Amino acid sequence: MEAIIALAIGILTACGVWLLLRPRTFQVVIGLSLLSYAVNLFIFSTGRLRVDQPPIVGDAAVNAAQLADPVPQSLVLTAIVIGFATTALLLVVMIAVRGTTGTDHVDGQENEP
Amino acid sequence: MSALFNFALAFAQLCFILAMCCAAARMMIGPRAQDRVLALDTLYINGLLTLLMLGMRTSTTIYFDIALLIALFGFVGSIALAKFLLRGEVVEP
Amino acid sequence: MLLLPFAGSLCAAFLPSNARNREAWLAGAITLACTIFIAFQYPAVADGGVIRATWQWAPQLGLSVQLRLDGFAWLFALLISGIGTLVVMYARYYMSPADPVPRFFSFLLAFMGAMLGVVLSGNLVQMIVFWELTSFTSFMLIAYWYHLQVARRGALMALAVTAAGGLCLLAGVLMIGQVVGSYQLDDVLAAGEIIRAHRWYPAILVLVLLGAFTKSAQTPFHFWLPHAMSAPTPVSAYLHSATMVKAGVFLLARLWPVLSGTDLWFTLVCGAGLITLLLGAASALFQRDLKGILAYSTISHLGLITLLLGMNSPLALIAAVFHMMNHATFKATLFMAAGVVDHETGTRDLWRLGGLARVMPLTALLATVAAAAMAGVPLLNGFLSKEMFFAESIFAGQSMLVRVLLPTAATVAGMLSVAYSLRLVRQTFFGPLSTDLPRAPHEPIRWMLLPGALLVATCLLVGILPAVTIGPVLQTAAISLLHGQLPEYSLKLWHGFTLPLGMSVVALIGGALTYAWLRKREARTATNATRWRLLDGRHLFNVMMVAMIRSADRAVRSAYSRRLQPQLLVILAGTAALAYGIATRTPIRASSMPLTPPSASFALLWIVGAVCAISAAILAKFQRLAALILAGGAGLVVVLTFAWLSAPDLALTQLSVEVVTLVLLLLALRWMPRRVANLAYPHTPLTIRLRRARDLLLATVCGAGMATLAWLIMLRPSSSRIAPFFLDNALPLGGGHNVVNVILVDFRGFDTLGEITVVGVVAITVYKLLRRFRPAPESMTPKQLRSVEPVSTNTPDLNAVLPSGVMRVPAVLGRLLLPVAAVISVFFLLRGHNAPGGGFVGGLVLATAFIVQYMVSGTLWLESRMRIHPQYWISGGLLCAGGAGIAAWFVKRNFLTSLEWDAHLPMLGSVHLSSTLVFDLGVYLLVVGATTLILVALAHQSLRGHLQEAAS
Amino acid sequence: MKRIAWLLMIGLTLMWLLLTGSASPGNVLLGAALSVAMTLWFSAVRPLHPHLRRPRAALRLFWRVAADVLRSNYAVARIVLGLTAKRNVHAGFVDIPLAVRDPHALATLAAIVTSTPGTVWANLSPDNRVLTLHVLDLRDPQHMRDTIKHRYEDLLREIFE
Amino acid sequence: MSADMLPPWLLLPVSLLLIFGGLLTLLGSLGLLRMKTFYQRMHPPSMGNTMGAGCVLIASMLVSSGLAGRPVVHEVLIAVFIVTTSPITAMLLMGAAVHREASQREKREP
Amino acid sequence: MNWLNHLPVLPIAIPLLAGALILLFQEQRRAIRIGIALVSTLLQLALAFAMLVLTTDAAPHFWSEGIGTYAIGGWPAPFGIVLVVDRLSALMLALNGVLALAVVVHSIARWDREGVYYHPLLQFLLLGLNGAFLTGDLFNLFVFFEILLAASYALLLHGGGAQRTKAALHFVIVNLVGAFAFLIGVAMLYSVLGTLNMADIAVRWGALADADRTVAATGAAILGVAFLIKAGSWPLNFWLPGAYAAASAPVAAAFAIATKVGVYAVLRLWSVMQTPAASFGEGWLFLLALATMLFGTLGILAARQLSRLIAFTVVLSSGTLLAAAGLGTPTMIAPALFYLVGSVMASGAFFMLAGMTERMRTTPTATSDPLQPWPTYNAFSVGEPPAPDAEVGIAIPAAMAFLGINFICCVLLVTGLPPLPGFIAKMALVAAAIDAPASVGVSPWRAWTLVIVLLLGGLVGLIALARAGMRLFWSVTDRNTPRLRVVEAAPLAFLILASLALSAAAGPAMAYFQDTAADLNSPDAYVRAVLGTQTQVNP
């Protein structure tokens, strides 16, 4: 499991970074969302992996050591929400730039070779 | 008997995941946008079923809610895409 | 007393600009007051006494404001304020009514105040404060006529040079402070040996000298002074006779006991002084401009003073001080006279002037006398100091070379000064009366001459009876400088036939001859002048300026890019490199920890994920929609992963976010330009391929790095310290089974509060931005709408119960969804505390239902029947959540403490209410509002497009 | 004066009970209150309500559809597995004239058609008279028309109109 | 308690349902992958949507009822939702497909 | 109830509620909106100064050792989120308050009518800043960073126009990447330290095994990158000049402190990690800082447009602060703080001034054209803000003189010439740097380079600004004296006077800063105050 998750994080990061370095705004947006997946998984992974032990305590006292670490989960939740918000903002700025400058290049003008 | 049950769980899960693989493949090769949309829809349904598998394995009902949400909103993305293909914009005046 | 001028300058600044008299009276009164005040301090300082007044400023930094008035300072203060008074009086008549006088007088006063501050400050740092102030105010004064480009240039030059010097001085002084341990002048003066012995001494000396030389225009920093001549004449008269340029030599004299007495000092100071002396004198000889001559003569005289200071002998010091005063008096007079000439004739060109003595005899008289003093004619003060100078130059040097060099140089300088004084007077006032003058010259009104007259009177007095007039004063100054041990010296007109006398005689005659010889080749002086001009640094300075700016520009352009990609590249690469560098410093041993058994299905799942991600990355350029769909697939895989690894809340949230984001991206995609496969480059050029390779490399590196980090982290046992607390106390203390949710709304509810604030802010930002959005024309109506199928580009009728066309049947089902989704969202909201869910998910569910309505039945139709006021939802949500936090105050609990009420209702059993529920309700409301606001604001854009089309 | 959508309210309350999985009076009350509130709130955007004439007919329809779903699943599975290699499968569109008008009836029909593999709702003419289906394995169009008309449409009209 | 200690008479049908549903769904997606034209591809996934999902839901219902000791039928909701929402997707997709085929055709021979 | 107990949370609660309240009112009801904004800002200022007093051991029985803590939700320190007010926080809060008041008042003149939702967004910006300064929890710091970022995106876009939009795009993207770096760093720290509370981090940092320490150090370094991006350190600051130059005057003024949040975070982290070598000190921070200073200096020299020039001065000041921190000597911190206060007020005032001088051009800068109202107004019932009218309000006399004098003051402040605090700060910095090799044993060449760059920066800045000033005021080309209203002129004067007061009160101020530096240098008191407080866990 750990290896799979690590690989997954790696792949997502790589794709995200690659897209982040592209010149088109839309590519950058997609890249950022991929990157945010990667980062969320990364944070999540710092709580170590647990299968089938969601941090939901029953009325009976549970052995806390068995349940998954809830802290990274709450952090990831916040991160997801904030990521969502900023992605929305970025999108809108993107189309605003596109509207005002007429191009979808990240610099607002085509400065390709 | 429980062995059979566990096998059935694992088997079904594998099936669903394989189905997801097919859908993903279709999604990748296309060739046209509507194929991809259809594949995404299928992917969602298969994901739903996978979740139900998880739920049965852990015999908790918490995954039910996620499945419910997929059932309720998995299609929203699809229809948004479809409408985009159809009309060129998602929300018309 | 020090504050007086500043206060004056302030109130002068705000007087109306036409009130010349009031200004003048104000300024005159202030300066006069200062003069008299200072004058009356004399008894206190007469015999080496020192007046001190200290206020603590920042003792930790060794900063304290101390006014320290000893003899030398007194002398200078008197000079400054006295000549200040005269200059003010003079300026009153010099300035033309057109000029905005307030600025002039206010800065003049400010400058005077700063100057006084310099001479009076008993703390070196404080002295620097005033020092820089003089630079700044003089800048404003020189650039007074800022419409002249010359004035601006000169001012900037002066400012640059002197400020640079000031900074050097600052560094030097701070070093002194480090060495001595205090900035107090007294302590520093006491610590001369320490400093001279310290290994920093050369550095200190050089820095201080740089400061002084720049200020008092020593070669090679002299070039700013002549260009400062574009200032109004009173300013030049003030700055270049008594004050500004004297500040440097004042400093040298001040620190003379501390720094002098070494060979280094001798070489540097004497060298600079000597060169300046000769150079200034020589180039003064070839000036055409009246003020030019004066400027260069000032330079040369300053060089003379510096030279005197450089000879490590007390007598020289005294001579220097003496000459400072003399120079001040006669140079001020000369400037004023020049000003008068300029004022009356309208030109300062020596070749056009001439014979003015007939029309303005008084001016001529004054100027002549002053010039004579400058030339060192007997019976005038210049003579005395020059005699002393000659005498010193003989006795100063140790080495043979110096013994010969100095006197000859002195004599030559004397000759030259005589020559240019002659030239000045002769060509201005005598000879045939020039005819082609811009204005008909005539004697100015008396008041304009009075200051000059007074000064000339002083010259004569001092020159004739030095012992009675200047003697005691000089003595006081010398005492305060030398701490009592006074070398015997005599101020007498006649010392008998001594070598100095001979030298002066030689100088006088030689000077006359030089001038006569020069007259013959007057014609060719122009060429000579050009030769001299090479030494004038203005050209140099400008070149330097331009070069500096150019290079800065180039450097910035190379070290900086306005484009985004390089920035991101730098950031990512830098981060990666940094992490690598630190992570590999000590090898991280993989600790053995029982790993979770891998599962085939999970691996397959992530194969799906990888496929989606990679193909999204590939397709994102030309097939946006495909990339979008694939990213959605990857998102779904992430959702499943969360669910699989027992994080149901994450799965829920990620899922709902997925859906909303997808719709968002689609809404935005409609405004992006269509991209077709790149036509510009049939085959991608090498540069681009290289860039792609580079990016690919970086991407791989980052991915590998992240993977390794995650792997390493997951290999070591969890060391969480706070997790057990949460797991144990969620139910007993937090009152919820779902630990994550309890953390979110209770343990770390503050994070959630902030997070929803972010969402709200973003939402109103989106709205704010889209209000001003203007879409690109070609994407106004998508091509599908222009194509075959008849669709409602015109506004649909709002009374139809169902939309027509394709959306007819979907509308039926879609609308059924809204109430259902609403109930479900409330369900998620309410049960969140005990099972996955919560306000955020609930809110997203409702918002999604709303957007579905927009999709199936169109904007206008929907909004004609139902109004959502998202910004009220947002604000209400914030207030609700914040209120839930504040409510705790009223029961004396901390912010966001959760409160519970158990109410027993008849036949309903107990109802459990908690403030965390209210908090979550706030989250819910805000999320609904924010998401709807974002989506709908985007959706409205197309509506806007239609409206604009309809308008056009 | 628009009628109150009792059906919807009841349905929502039922859903609530299913979700929460408890039938305590408080819960029932809460669910009912929610359903009423939501129904009223959104009544403006749902101008028309279905009204079931014959619930029993609906039940009959349900069983019928279930059976068809089973059958068509089997058929499609064969096709996918290529067991029908001997006979070449040709998919195609088929137009079906419709008599039913009620939108909800149409919606139900759409659900039925979609949920039976092998037939997809392709298009409905603007005047809802002609329904176009896409059929995976189109042996004879007429048979398909009859199926739709007699197996479903009659029942639907019975139920909704 | 966990699911595999339910009585065998419950586990057997559950297992069978699971296997059957899994196979059906897989078939459906395979069909999605193998079919030639888009219109043909539209059909197979609905197998997963209907029978596959149905079987799994019934199974899950049985299991959770067995666990709870009383009939738990909330999985019905999922079924209802699927049935309600899938037509919308299908219709719009078909519409889009038809429309785009048409536009592409007219682009090909104007 | 005893409001004093809740003192630390008020600077966060007040702007939150104020912002939310303002949202409730229509755009047309400016009076109420402005009123709420002003009241909230004044309250924040007052609170900040109250804390400033309290942190000087004024009430030891109340805040022991002058450090106040506040457990949010009543959860004890390592578990819940704790707000901590120590000297540094209080100082930053007060600075923020002063600047904020000036900005709010200044923008009443015209800027708040350039677009909707100006005041609430400003309040949210303040919320983010205050929170970032107050919180004692690493992840909570991230949240507040995001708040202030989100608000600053909005404010940067305020006024519209292609320039701003383009700048905003870069701003957003770069800061998103920064946010990711932040998250990764926090996660790594948590993975080995198992805690998020800064004091707890300080405690557990020492007790780390080597391998864990390496992971943590890496995390800290990545975190540092995030902070440096915010602080505008070269080469991570390409976005900064564009964004700051494009922003409207009051917004840019408000941004003047936003970069210092990064510096604050660096200082805080450096303090709690307590092993500079592990996280920051190992040279690269100092070198980066030097590079930043040089970059800023060159930029000042090369800039052609005043606002851009000022943006580069912001870069310069950030570089100076980082260099002071990066030299790794406690003696540099106090002067650095002094410099921070001075430079923030200076650049704030300067941006406002630039905004006002913009209007001296005969062709005023095109802000934004009114659009025809479109349905979203009535759909969301958001009123169209009244068009900005340039001529209302009382104009101040002698506008040019006023502008000129203030320009001079700003120049003196920025370039560190006497008598304004810039000089004192610079002098103190240079003195400390000269002293450093002897006393703390920093390698001399570092200290001396710092000295040289410091002085050079001042000189170059002076020359460049003098040229700019000439071009601005003395170019006799067509130029119309702008009508300045009191509301927009007063804040400028207020800031200038405040800085004058600072330099007049250099003694006590410096004493306070030295205490602050001492606190930072030994976080024991901090840790004790945070982890020692056993606030009752509510049953």
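When the chains are written out, they are named A, B, C, D, E and F in that same order, and each has its own residue count from 1.
Note that a residue touches a chain if its C-beta (ideal position, glycine included) is under 8 Å from a C-beta of that chain, and two chains touch if they have at least 3 such contacts.
What you are looking at is a predicted structure, and each value in this text was computed from that prediction instead of being measured.
Set against one another, C-E and B-C show the most C-beta pairs in contact at B-C. Comparing per-chain C-alpha centres with the mean over every protein C-alpha atom, the closest match is chain F. In this assembly, the C-alpha centroid of subunit A lies 28 Å from the C-alpha centroid of subunit F.
Taking each chain's centre as the average of its CA atoms, subunit D and subunit F sit 61 Å apart. Subunit A and subunit C have CA centres that are 40 Å apart. If you average the CA atoms of subunit C and of subunit F, the two centres end up 17 Å from each other. Within subunit B, residues 13-14, 18, 20-21, 25, 33, 37, 39, 54, 57-58, 61-62, 68, 72, 74, 79, 83, 85-86 each touch two or more of the remaining chains. Across the assembly, subunit A contributes residues 20, 25, 42, 46, 52, 54, 56, 71, 78, 82, 85-86, 89, 93-94, 96, 100, 106-107 that each touch 2 or more other chains.
Shown for subunit D are the residues that touch two or more other chains, namely 15, 19, 107, 110-111, 121, 123. Against subunit F, in their complex, subunit A makes its touches with residues 20, 25, 28, 32, 35-36, 39, 42-43, 46, 71-72, 75, 78-79, 82, 85-86, 89-90, 93-94, 96-97, 100-101, 106-108. Within the complex formed with subunit B, the subunit E residues making contact are 1-6, 8, 11-12, 14-16, 18-19, 21-23, 25-26, 28-30, 32-33, 38, 41-42, 45, 48-49, 52-53, 56-57, 59-60, 63-64, 67, 74-75, 77-78, 81-82, 85-86, 88-89, 92-93, 95-97, 99-100. Those residues of subunit C that touch subunit B in the complex are listed here as 600-601, 604-605, 607-608, 611-612, 615, 625-626, 628-630, 632-633, 636, 639-640, 643-644, 648, 651-652, 655-656, 658-659, 662-663, 666-667, 669-670, 781-785, 791-792, 795-796, 806, 810, 817, 820-821, 824, 828, 835-837, 841, 845, 848, 851-852, 854-855, 858-860, 939, 942-943, 946. Those residues of subunit C that touch subunit E in the shared complex are 784, 787-789, 806, 809-810, 813-814, 816-817, 856. Those residues of subunit B that touch subunit E in the complex are listed here as 1-2, 4-9, 11-16, 18-23, 25-26, 32-35, 37-39, 41-42, 45-46, 48-49, 52-53, 55-59, 61, 64, 67-68, 71-72, 74-75, 78-79, 82-83, 85-86.
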